[in-house]
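Take this structure first; my questions come after.
The first chain written gets the first letter, and so on, giving A, B, C and D; residue counts start at 1 in each chain.
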Amino acid sequence: MHNIPVGVLGASGYAGRQLCDLIVRHPRLSLAFATANEQSGQRAIFGGQEVVFTPTSDAPLAEAELVFCALPHGASASWVAKAADAGARVVDLSQDLRPGTATERVPYGLPELLRSTIAGARVVANPGCYPTAMLLAIAPLINAGKVPPGATVSVSAASGVTGAGHSPKPELLYAEIAENFRAYAVGNEHRHLAEVRAVVSSLGGNLDVLFTPHLLPVARGILATITVPITESLGDPQELWRSHYAGEQFVRVVGSPPALRDVVHTNSALIHVSAASAVRQPTLIVLCAIDNLMKGAAGQAVQNANLMLGLDEAMGLAA
Amino acid sequence: MHNIPVGVLGASGYAGRQLCDLIVRHPRLSLAFATANEQSGQRAIFGGQEVVFTPTSDAPLAEAELVFCALPHGASASWVAKAADAGARVVDLSQDLRPGTATERVPYGLPELLRSTIAGARVVANPGCYPTAMLLAIAPLINAGKVPPGATVSVSAASGVTGAGHSPKPELLYAEIAENFRAYAVGNEHRHLAEVRAVVSSLGGNLDVLFTPHLLPVARGILATITVPITESLGDPQELWRSHYAGEQFVRVVGSPPALRDVVHTNSALIHVSAASAVRQPTLIVLCAIDNLMKGAAGQAVQNANLMLGLDEAMGLAA
Amino acid sequence: MHNIPVGVLGASGYAGRQLCDLIVRHPRLSLAFATANEQSGQRAIFGGQEVVFTPTSDAPLAEAELVFCALPHGASASWVAKAADAGARVVDLSQDLRPGTATERVPYGLPELLRSTIAGARVVANPGCYPTAMLLAIAPLINAGKVPPGATVSVSAASGVTGAGHSPKPELLYAEIAENFRAYAVGNEHRHLAEVRAVVSSLGGNLDVLFTPHLLPVARGILATITVPITESLGDPQELWRSHYAGEQFVRVVGSPPALRDVVHTNSALIHVSAASAVRQPTLIVLCAIDNLMKGAAGQAVQNANLMLGLDEAMGLAA
Amino acid sequence: MHNIPVGVLGASGYAGRQLCDLIVRHPRLSLAFATANEQSGQRAIFGGQEVVFTPTSDAPLAEAELVFCALPHGASASWVAKAADAGARVVDLSQDLRPGTATERVPYGLPELLRSTIAGARVVANPGCYPTAMLLAIAPLINAGKVPPGATVSVSAASGVTGAGHSPKPELLYAEIAENFRAYAVGNEHRHLAEVRAVVSSLGGNLDVLFTPHLLPVARGILATITVPITESLGDPQELWRSHYAGEQFVRVVGSPPALRDVVHTNSALIHVSAASAVRQPTLIVLCAIDNLMKGAAGQAVQNANLMLGLDEAMGLAA
């Protein structure tokens, strides 16, 4: 059984490198090409195999059955079109084709919520890291109609620094991040919000999202801490999530608050739900932890690719 | 001008060591004794001066004009009484005498909110670290009557590990904390909440507090990220805080989100306020950063001691 | 093809947990039991599989074909004997049976140097983490007779904190290790030296070892930086190592200085050799990086177990 | 008593920022200007005082009695000349005027070894961070003539990342440094070696230096671990250092191995000496810890400035 050739456009960033690593270790995929812009010509080792980044402009798109596009936001859409024209299926990790940004609609690659539209797709928009954590956390509540109309869902989330990219910036130097912690994009100014709102709306939710991201002194991982008012107290607050995600391999409802350590280097999302005591408005606290480079980017992209290529959805992915 | 002798009960923990360091470097205080229980007999260096921890049971209480009591919660109240009986003023860093815990009322040592009651006090209950950050952040809003009655203030806060103490526990080992992040005491189960509620009530506030603390992979610092619904939009959302804290040396309202790095090793609290956009309910996001061992413990204790001893409130404390 | 049942005595420490994780993911091994002393009754998740630590005293030794003994130094030898008496092969990770400590000699489990004695062994002494790095680094030089008789090999090595164990000690708390670095056991006082000297001697080396270990603010990894005088300049200083380790899957000679990041979570040892310039005495600098919990403990133990059980030596181990 | 105006050329790097912070808090110095190249126009807060970096080309050199030059290597010498021409004394933190690099000789600013030449100087070359640690560690041995002629002193040293500068490079990003450790410039290729050799020679030493630097996952601090053969065993190996540095405020000989934590944010160098046991060649292990930005750069620069300006040598510097 021969392997399926896949390519990576924009392989030198953190998501691109994670993609290469997953592909090289994948039982059925092989890496046809890995491109970079400024870092083209550089070498990297993935799973003991040396890979040389070739220039993106020279990408042999026709050699791949599927292309992962991990180019910067804004630069991605045109390459998605080129790859599709060359006959490849495409998983686009940029923001360019996601709901809230794109006018043209392609399936949104969050399999646990929208699996049926992904399998047959030629092009899939891979979700952002924060939206993945938020949407997995609140979708069961929206689906159950348990959020009062117009209510504000308050999300305080924290991400490791690989979420800010591999391009060197002074504020991402070790000596600036270590032993530090801060919020950013405060006041609902984060580019991921339009994506979350559009998906919430498509799921039938009528609620506002207030989102405050923070930058953690860790390399990987996102923890979203979500407080959401509910229409009435639920008996076992975790039950709704357990039944909604029954049978899912990568979403687990857990009995104690998840730590980043439980999810890094895996494609899993861990969710914990509890009811707030001693507040008059019935309120749930929903915690969701993922690895921003795995379920938040490259892992989910491979999960989508598996679906698009007719492979086992979990192939090559640790839970 | 001779120095004023002060003592530290429970000097071997993180707050106790920070107290010793501040006292040794203080222009007008001198360290009369520093006690420990299990670590008595150990030596430590503060400001180049060697200090030997003596057994708490042998503390020469009568030699001190003021005693800082940094013993564990539950073990502190009886020592506060002994020190007071011996004629010393006392700043108690434990929870034992704080509002929400104690039946007997002693002044609550948060000078920026309750300065007048501290100066003449014989015994002061030094606030907890999380309550200090939360209360400084929301007091101006309560004072201005801008929170709808019965509203829920949602606090997501993160603390460095020195807040969890110096006693060795497996979950506080370096290899468990580094590159990790998690929530704890989820669902409003934190012991500090009673303190916050009692103070909010004494300030005239009618609101609920929902509090989710997190453990950061940093040694020091607390950042509280607070979302609070308000009755109507404010013009310049920072103005209320600027006027409330005008003239304060240790509380500063800043124009960009504060980082832990801006406050560690200082007694300052930095506050940033912004209005949430794109939510129907007018809502503010208030950020407050402090050093949990300084403004959250030992620094504030020295600030209270300065007030009680008639010294300049800021003496020996970096802003 | 049924799996081979193996057990872990002392599974709750860092090496024991790594062993459980490797066994659960191993294609041919299955975990028959995992014991602990103080932490018996606790649960842990390895590869998605929940494991409960049972009391060591209740270990069903007869159910295992091979037992990994990861008990503390001093407590291990008697359990090795019990497991052997019960008919199991044993890989002992403690110091108890290693050269330099034990009077009785069992094969020393460093496959790249002593493979032939391991395959048929009933009991193997798994090397220490520092000795593994040091011995892999200098064995080719000893073998080639290139070190002047009586010369001093100077080893400055640094280890992550998991090397210091999982038992909570104040000096291993996050707040004590982060942003810190120090030497320990200075002056050749480390317990691993006897092991290194005995093995060097058995390899025919006539040299002294001066060893200064350091504690790094990282969870995993050892880097040994070794300066060794040589009898005469070598042409290509790396050639000796390349030929000595030709064909080895877990020892690689690399062209640039290895980083801990290159080896953590793998069973590989990376070695870099260069000649010192501008010193009159011809001298080599040999660098060797390993993961202290993998090639320095559990990974090497599984490598030895694979050999003892007639499996592929690299089975279940990432290179 | 008016303050002495001093300026900083190249204030936006880590050493420059540390200089600004020390000057702003110094009892007798005031900051006349702080310049930057790419970061001119940026604002920074030092000791609660806002400083705006002005373009280096506009530096009002004539307004300063003393100028600290913290410009990049190669760009510094010409600005030192301009500042001297404008009448200012100059402390140059670059490599440009140091022994081993410069042909012209200016006093080398290591007060504990060469104090007498510094006080009257117009221009002083501030030592490098690694040379400071190495030279303070071995000078007493050289002075005592206890190193065999032609012997090799082996230095394994590790530095925090601020030593690599503030310019953003991919390899200095948090996610590349955290949980990592590696050697660099292996084989005696570090630019600081010429400086060390020239100073050793000027002190009368006849020895070779083998130097292997490493990059630590910490922001600040250098630890040098030095093995040096000696002509004969010394009784109390620390005695030589104690007598050599008697009376020094910033060099302390300590009884246990120094940790970075003991020196960061101070101008102190801590030295520990022990004799190696079980090696035939009598050998000492000398450890020296400093803060690379303090005693290794800005702190020592202020110490030199104090001497040049006739102030107390320790003014404004924590020990």
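Operating definition for what follows: a residue touches a chain if its C-beta (ideal position, glycine included) is under 8 Å from a C-beta of that chain, and two chains touch if they have at least 3 such contacts.
Keep in mind that this is a model prediction, so the values were computed, not measured.
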Field: Between B-C and B-D, the pair with more C-beta contacts
entry: B-C
- request: Average the CA atoms of each chain to get its centre, and name the chain whose centre is farthest from that of chain A.
  value: D
Query: Which rotation angle, from 0 to 180°, best lines up the CA atoms of chain C with chain D, given as a multiple of 5?
result: 180
Statement: Separation of the C-alpha centres, chain B versus chain D, in whole Å, is 37
Query: Just curious, how far off is chain C from chain B if you go by their C-alpha centres, in Å?
result: 46
Query: Which residue numbers or ranges of chain B touch two or more of the other chains?
result: 176, 178-179, 217-220
Parts of chain D lying in touch with chain B, wherever the complex brings them together: 45, 48, 178-179, 262, 319
Statement: chain A partner, complex, touching residues on chain D are 14, 160-162, 166-170, 172-179, 217-220
- line: In their shared complex, chain A is touched by residues of chain B numbered 150, 152, 154, 156, 158, 176, 179-184, 186-189, 193, 197, 208-210, 212, 214, 216-221, 223, 225, 227, 229, 257-261, 264, 272, 274-281, 283, 285, 287, 289
